[in-house]
Amino acid sequence: MNQNKTFHQPISGMDVPRYAGPVSFMRLPQVAIEAARDIDIGLIGVPWDGGTTNRPGARHGPRQIREMSAMIRRVHHVHRTSPYDLANVADLGDAPVNPADLDDALARIERFFKAVVANGIRPLAAGGDHLCSLPSLRAVGGLRPVGMVHFDAHSDLWDSYFGGFKLTHGTPFARAIEEGVLDGGRTIQIGLRGSVYDLEDRAFGARHGVRMMDIEEALTLGPDKVMEIARSVVGDEPTYVSFDIDCLDPAFAPGTGTPEAGGFTPREAQSLLRGLKGVDIVGADVVEVSPPFDPSGNTALNAATMMWEILCLMAENVARRR
Amino acid sequence: MNQNKTFHQPISGMDVPRYAGPVSFMRLPQVAIEAARDIDIGLIGVPWDGGTTNRPGARHGPRQIREMSAMIRRVHHVHRTSPYDLANVADLGDAPVNPADLDDALARIERFFKAVVANGIRPLAAGGDHLCSLPSLRAVGGLRPVGMVHFDAHSDLWDSYFGGFKLTHGTPFARAIEEGVLDGGRTIQIGLRGSVYDLEDRAFGARHGVRMMDIEEALTLGPDKVMEIARSVVGDEPTYVSFDIDCLDPAFAPGTGTPEAGGFTPREAQSLLRGLKGVDIVGADVVEVSPPFDPSGNTALNAATMMWEILCLMAENVARRR
Amino acid sequence: MNQNKTFHQPISGMDVPRYAGPVSFMRLPQVAIEAARDIDIGLIGVPWDGGTTNRPGARHGPRQIREMSAMIRRVHHVHRTSPYDLANVADLGDAPVNPADLDDALARIERFFKAVVANGIRPLAAGGDHLCSLPSLRAVGGLRPVGMVHFDAHSDLWDSYFGGFKLTHGTPFARAIEEGVLDGGRTIQIGLRGSVYDLEDRAFGARHGVRMMDIEEALTLGPDKVMEIARSVVGDEPTYVSFDIDCLDPAFAPGTGTPEAGGFTPREAQSLLRGLKGVDIVGADVVEVSPPFDPSGNTALNAATMMWEILCLMAENVARRR
Amino acid sequence: MNQNKTFHQPISGMDVPRYAGPVSFMRLPQVAIEAARDIDIGLIGVPWDGGTTNRPGARHGPRQIREMSAMIRRVHHVHRTSPYDLANVADLGDAPVNPADLDDALARIERFFKAVVANGIRPLAAGGDHLCSLPSLRAVGGLRPVGMVHFDAHSDLWDSYFGGFKLTHGTPFARAIEEGVLDGGRTIQIGLRGSVYDLEDRAFGARHGVRMMDIEEALTLGPDKVMEIARSVVGDEPTYVSFDIDCLDPAFAPGTGTPEAGGFTPREAQSLLRGLKGVDIVGADVVEVSPPFDPSGNTALNAATMMWEILCLMAENVARRR
Amino acid sequence: MNQNKTFHQPISGMDVPRYAGPVSFMRLPQVAIEAARDIDIGLIGVPWDGGTTNRPGARHGPRQIREMSAMIRRVHHVHRTSPYDLANVADLGDAPVNPADLDDALARIERFFKAVVANGIRPLAAGGDHLCSLPSLRAVGGLRPVGMVHFDAHSDLWDSYFGGFKLTHGTPFARAIEEGVLDGGRTIQIGLRGSVYDLEDRAFGARHGVRMMDIEEALTLGPDKVMEIARSVVGDEPTYVSFDIDCLDPAFAPGTGTPEAGGFTPREAQSLLRGLKGVDIVGADVVEVSPPFDPSGNTALNAATMMWEILCLMAENVARRR
Amino acid sequence: MNQNKTFHQPISGMDVPRYAGPVSFMRLPQVAIEAARDIDIGLIGVPWDGGTTNRPGARHGPRQIREMSAMIRRVHHVHRTSPYDLANVADLGDAPVNPADLDDALARIERFFKAVVANGIRPLAAGGDHLCSLPSLRAVGGLRPVGMVHFDAHSDLWDSYFGGFKLTHGTPFARAIEEGVLDGGRTIQIGLRGSVYDLEDRAFGARHGVRMMDIEEALTLGPDKVMEIARSVVGDEPTYVSFDIDCLDPAFAPGTGTPEAGGFTPREAQSLLRGLKGVDIVGADVVEVSPPFDPSGNTALNAATMMWEILCLMAENVARRR
């Protein structure tokens, strides 16, 4: 297989064993945003979990996902192509964070993502908790609201926690819709499940035109039909993809803060993600990987795998539009 | 969502984070049996594993299930109702036990469950090993034998172990049928699988009219058909539900004493349990969670989730019959 | 052994096995602060880690410490007395917290501790990260600054992090001294070790008269001499005791956010704490237990043991002054 | 159930608890190859992982698989027969190995398997990494090439690693085909998935007539159709079965060196293996169980279960041909 | 180094790697008691924990201790001799047990130990919980009471639990003294520590002349002086050695049922055990290793090491008296 | 504290949290050997464990040590200086390895270390198993044999394994002495302990003048006297320091291949290492960290800490000789 001569290429496990050499997303070179030239897609860590209302640890997510992403090789076995031949991809390092101040942390992350977008780079981020999606959406949806395909056990459309606090990992998409960076009418949530406090989030979603699909409905429809609906919801316009690792069953993703029994299998998630083919993905994230709750690294391996599936689609999209 | 003013309500994770505050089943108040008034359904721990023939630890089950049950919120996302609006539910604490004497332990547990039943409370217990079902059945089936829907990898219909010992976690339902507290003809066992010593349990089941369904048959039929059969087996009469966590595949429930490869997923188990709708569940248990074999707590999370599914049905049943 | 008839007594493991029954500190009754009458010493959980700059999880500390404290029985094997015969002790539950807002969380915790102190109760808290000591000190040192015996690998006297943020678990005692609730001249820090960013904290300590003792010095002196110095530093005036679990070597306390190689053994820590005999301990805490980093529970067992050592001294102190 | 009087029988868990007594495959007697008389099927450990290019530890596989195989009883619940009534089965111990020299290790293992085959014993081995299949194939395919049904995430048909090294766990079947001990045209690989370095292995397989079936194809066809194809590929001639535990999803088999997200469930694997009924299995292995990456033992339990499924078929095959 | 030609010898890790080959204590041959000829010292597993009042799992101890004992080689680095040149040592397998009946289990174990003693073999057992020492003492002290050197955090001299139950792992030595198989006046307990229910055990010990030494006293005296006292307590008469792994600090032995903070280090334990030189050890055990609470195997490694220290002394004693 | 303007400086945890940003030894810049200019001390990973005769996994050591070294800050709390002000230090990445061929791997590693030494850089390596010391010694002792201070439970002076194989992690120093790159007469081994196969290694050491000090002797002498002896053995000539993590007790370093009960504490190891002050350390390594056996990372934290202690001495040595 011919490798593209100008684009960044990952280190091969046939040259340097996968437990050796530098640690980065997909074993790609790490490039500082200041030095980023002609990058199409930027892999970014967001090591922050200040919005977490229950079990913390997602701040450690990017490091473990990078480590487990060494398991991913360069060619997709179904597409039979390599994203590194289609687009120039790099690891842009971690967004700056502040574990001791929520507002400052969000501001730092937002500035970083805005610099990425300003550079013409499409961000594919690894969280971090789900509140990290908010500054990312502010960047990619800054000019006009984006649509979103959202895989999650939870809607994250709640209003506030603990007596009025509006910024937690349970509220990012309520905020994003209110701020006008996310278009509720072009948003679909897939795989909702688990007990809920009440039905307030459903009401919010209904008011803003969000298509909320329970896992029961998704399983009845099957992945092909689900994604047909998803594609019709987001259309051809710029779209964000947000993948909360807790959409997987806890057996596959124990390392997360809010596990819910009865989730998707990774195989189903792969099928669903492959159904995004053709969607104009302008930004994406995989969030809520909390390594302290999974020393095995399996959760992070699944997260890296989902990033890989998204990356292949983003690269193909970039190549198509070039 | 309007909360019932007289019934006990769980603490909300939007007020007190789920890792804080007292530990009880579903974050409900803990009420001593002596002080129990107008309780419809009692959640009970049975911290005892004296009937275990292989890997122990189920005595630690109730504590870890209580802890993980803090993940469960008040409204069922499919039913769109809360059991706490339909029935008065409380945590009745742990049944008294004795880890150093099998007979005394069974006697203590039986007395406790008889007091619960005498109070007009329907017990929903968390084991403990499967021998804990015997004293519970003696209480709920004391006046006349109950039917049973039994989810398990094993039939637990064996005669004896180690040269004639008749009380182990492999024998409770043989005893219960012999004692006349369980009606074999109104009993169905779902999900049997794994290698066996011989076919003696099958013969016992056949003699007593037990419907024994292997997991292969259950998967071929699908959950809807399986539960149609189950409902026809137990009919409208009082029925016990016993859920051995090892009916799940060990990936979902590693924390158990006798894991068998190739089990149900939690999603399938949820589907099966929802098929109990309308059955007159007069008592239930979820057993064989052994925390030392699963520090992650996932097994206990699944157990708490299955208790939640059963609780919602019991509450609806209580409300319907009120 | 005669048990005091009026004071709260723990459940005995000879009556109810230690894995059964309700979970509380030392198996004592849990009493709401509003209902607290004639309590001398209150055991309090502070499930909050919002000041953590590195590995989180101390928010889960109180729950696991309570669970492991079931291992502690009622009589101290060296003192040959029971604190429950000398003072009325209760578990006051968890202080209210807010994981999504640092300032609000500190305010809630402070209000709770002020109510405790206002009730004439001496608090013995289980953290939470070390920033939790600040609201506690504001309560016990509110009228006049207290002295402190502080066991820790770190001085926690830093000025700020991440470009000027003044409230983290590395800064509480700088704040407490600046606010005048802690008397630097009556403060001793025992067991400092590990690499440091620079020597700024040493300078701060020197300016405020803090006696800073490295672990090397402590080991050379031996526990008796160390505590002779400690007692002379704090004198007879009201004194706070703060025990950061990371003063122990990580082999004994892996479940903590900032482990440093080469720490005290639990045996040495017990010797040191017993040297506090006679000191007027008006408040205390054991902090920085992060259960996600120690599924074994050993860290929490050591924390519970250190609480037990402090409790016995506090009870004796209460009895002496009664 | 009548037990065969001449064949070896496993210890029953109803006589000696499964955590007690000697440790061997399936609790069968351990017989030295020198003393083996009238053995039909030999269970063999190959504690060697010298061909591993990434995470090691498969050398510990045989010991943990033996331990977890104590969970397997004597009668298959679907077949309703016991392999120990159909064939004489024994644990032949571990093949001799050398962790410090690859060539010497392969030579030792090959000699051992040749002695097994020379004794008229069909080997069923537990690895070890996948390179262990090569000396086994050299033994069973020594006279003429065997066919193979191969369950794996990876084709293991690569040419070389690290600049020309031809013997790794990624190359055994390329070598076996080149050496003429494996018949590519009678070989099927089931469940291939995961990213790849390039498409070289596909080309090699195509050149040698190997039927390579991705997991996507296998899932679309369903197990019955897949195994119909498999049986038609291998026909009635002598066939080897190689089961790499990483064909299972990492949630079920975390203890392996090269996990790939999105694999088979154990239930699916059981269905596939049962489809081998009638195939003339002359040798088999279950490989790549790496216990250090799965302290729970679940991976080894699944490996023991797959050995059990294969053993039952081999025994039936032996009985049929006797 | 010359190996004795008639005595059993362990497999060498220089011939067969330590993770390969059969699993037995110290890699010695396993000999059935019926076939035991000219064995001086028998290593015995007692896989039973029916006397456990708190965390179970010691039934799994013998298997994991055997596995970790593969780490022990044939020559003691301080004595510079091998026990296998001084005495004939074998693994006698596991005593028969019954997890479902306490009385039957004790009877089976006692019969086994009586057969061992009747064969002229000195037993060195691996538990199992501490109640396993009772049937062993009944065997070795059957003709006349033995003395005992007992290393433990707990005295195990309690009268009864749970309202009068006399046989638990907290009561064996009270029973043994009452039955006249253990001579209280020739018994010393070393390393007592941790909170206690009351002082009843101290009173019992005092009445029967038991020398009870707290860890504080032992540390003040130092190992040489402690063992001088121990040797003077037991004198030259037959003596039993019982080593409860919980005498070690939980950092070294997390895998135990009743951990107490502040215990001995393995190094101190080795020093203490070496001080038994010259004592006529007629039987010994190492108990309370509970593998489910220590997947690392370190607890079992320490247990195997303590067995090794005792074995070397027993062998020297046998050789001296031959 | 003034930072040196020309030397590389680590990222501060007060700017970028320690779980964020790139992963390297001590958070220093990673510099390719080809680009290394004016580096005094090079931190190097050797991810290879091909010489391991028992439990593998040390190949994963460098990655986990790098990760845990983020815990180390820039100033030594006892020396009150920073090595980064005294010498120019960088992470040189990993030596190239080959997990599939022992001879090729050793050749690659040797070439890398020779390039380092040729650049005037003093290597401080993180293994890898202990055979990795051989190519390093070939580089630093290439011109004339170096002395060595060696901390280990094992002498690693054996001749061969498995019937004549001369290159394993138990033989490196026998080879190094035979090859003339290590001077036996200027070598001291500190902390030897644990059972041995025979006394052959002692004889080899004696023949070559190696000072072999058992841990019992080291503890009797105390660290000051031990290191006085060590300094007199190695004198002022170039000396290598090799620290096998298994010299620590397994409670502190469970993540290693050949644990031996009864080792040093990290505190003792720190004292011993500080006694190397003034020794001309021309190369050093910390080896045998096997992460799969310690998911907690404590072993790696201790390894990073020992590297830190050695680094501070090397830097001071460099500054002194500049």
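Per-chain residue numbering starts at 1, and chain names A, B, C, D, E and F are given in the order in which the chains are listed.
Basically, contacts are C-beta pairs under 8 Å (C-beta built on N, C-alpha and C of every residue); 3 or more make two chains touch, one makes a residue touch a chain.
None of these values were measured; they are calculated from a predicted model.
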| item | value |
| --- | --- |
| Each chain counted as touching chain C and chain E at once | B, F |
| Chain of greatest Cα-centre distance to chain B | F |
| Chain copies touching (chain E, chain F) - same or different residues, decided at half shared | different |
| Gap in Å, rounded to a whole number, between the CA centres of chain B and chain A | 38 |
| Rounded Å distance between chain A and chain E, as computed from the means of their C-alpha atoms | 55 |
| Interface hub residues of chain E, defined as touching at least two other chains | 17, 19, 53-55, 59-60, 99, 161-163, 249, 251, 293, 296 |
| Touch relationships between chains, expressed as pairs | A-B, A-C, A-D, A-F, B-C, B-D, B-E, C-E, C-F, D-E, D-F, E-F |
| Contact footprint of chain C on chain E as seen in their complex | 53-55, 158, 161-163, 192-200, 214-216, 219, 249-251, 254, 258-263, 293-294 |
| Footprint of chain C on chain A - complex, ascending | 49-57, 59-60, 98-102, 104, 161-163, 165, 167-168, 292-293 |
| Residue numbers on chain F that touch chain A, as the complex places them | 16-17, 19-23, 30, 45, 47, 59-60, 62-63, 66-67, 93-94, 96-97, 99, 295-296 |
| Chain E residues touching chain F - in the complex, by the definition given at the top | 1, 12-15, 17-19, 71-78, 80, 249, 251-252, 265-267, 270, 296, 298, 301-302, 305, 308 |
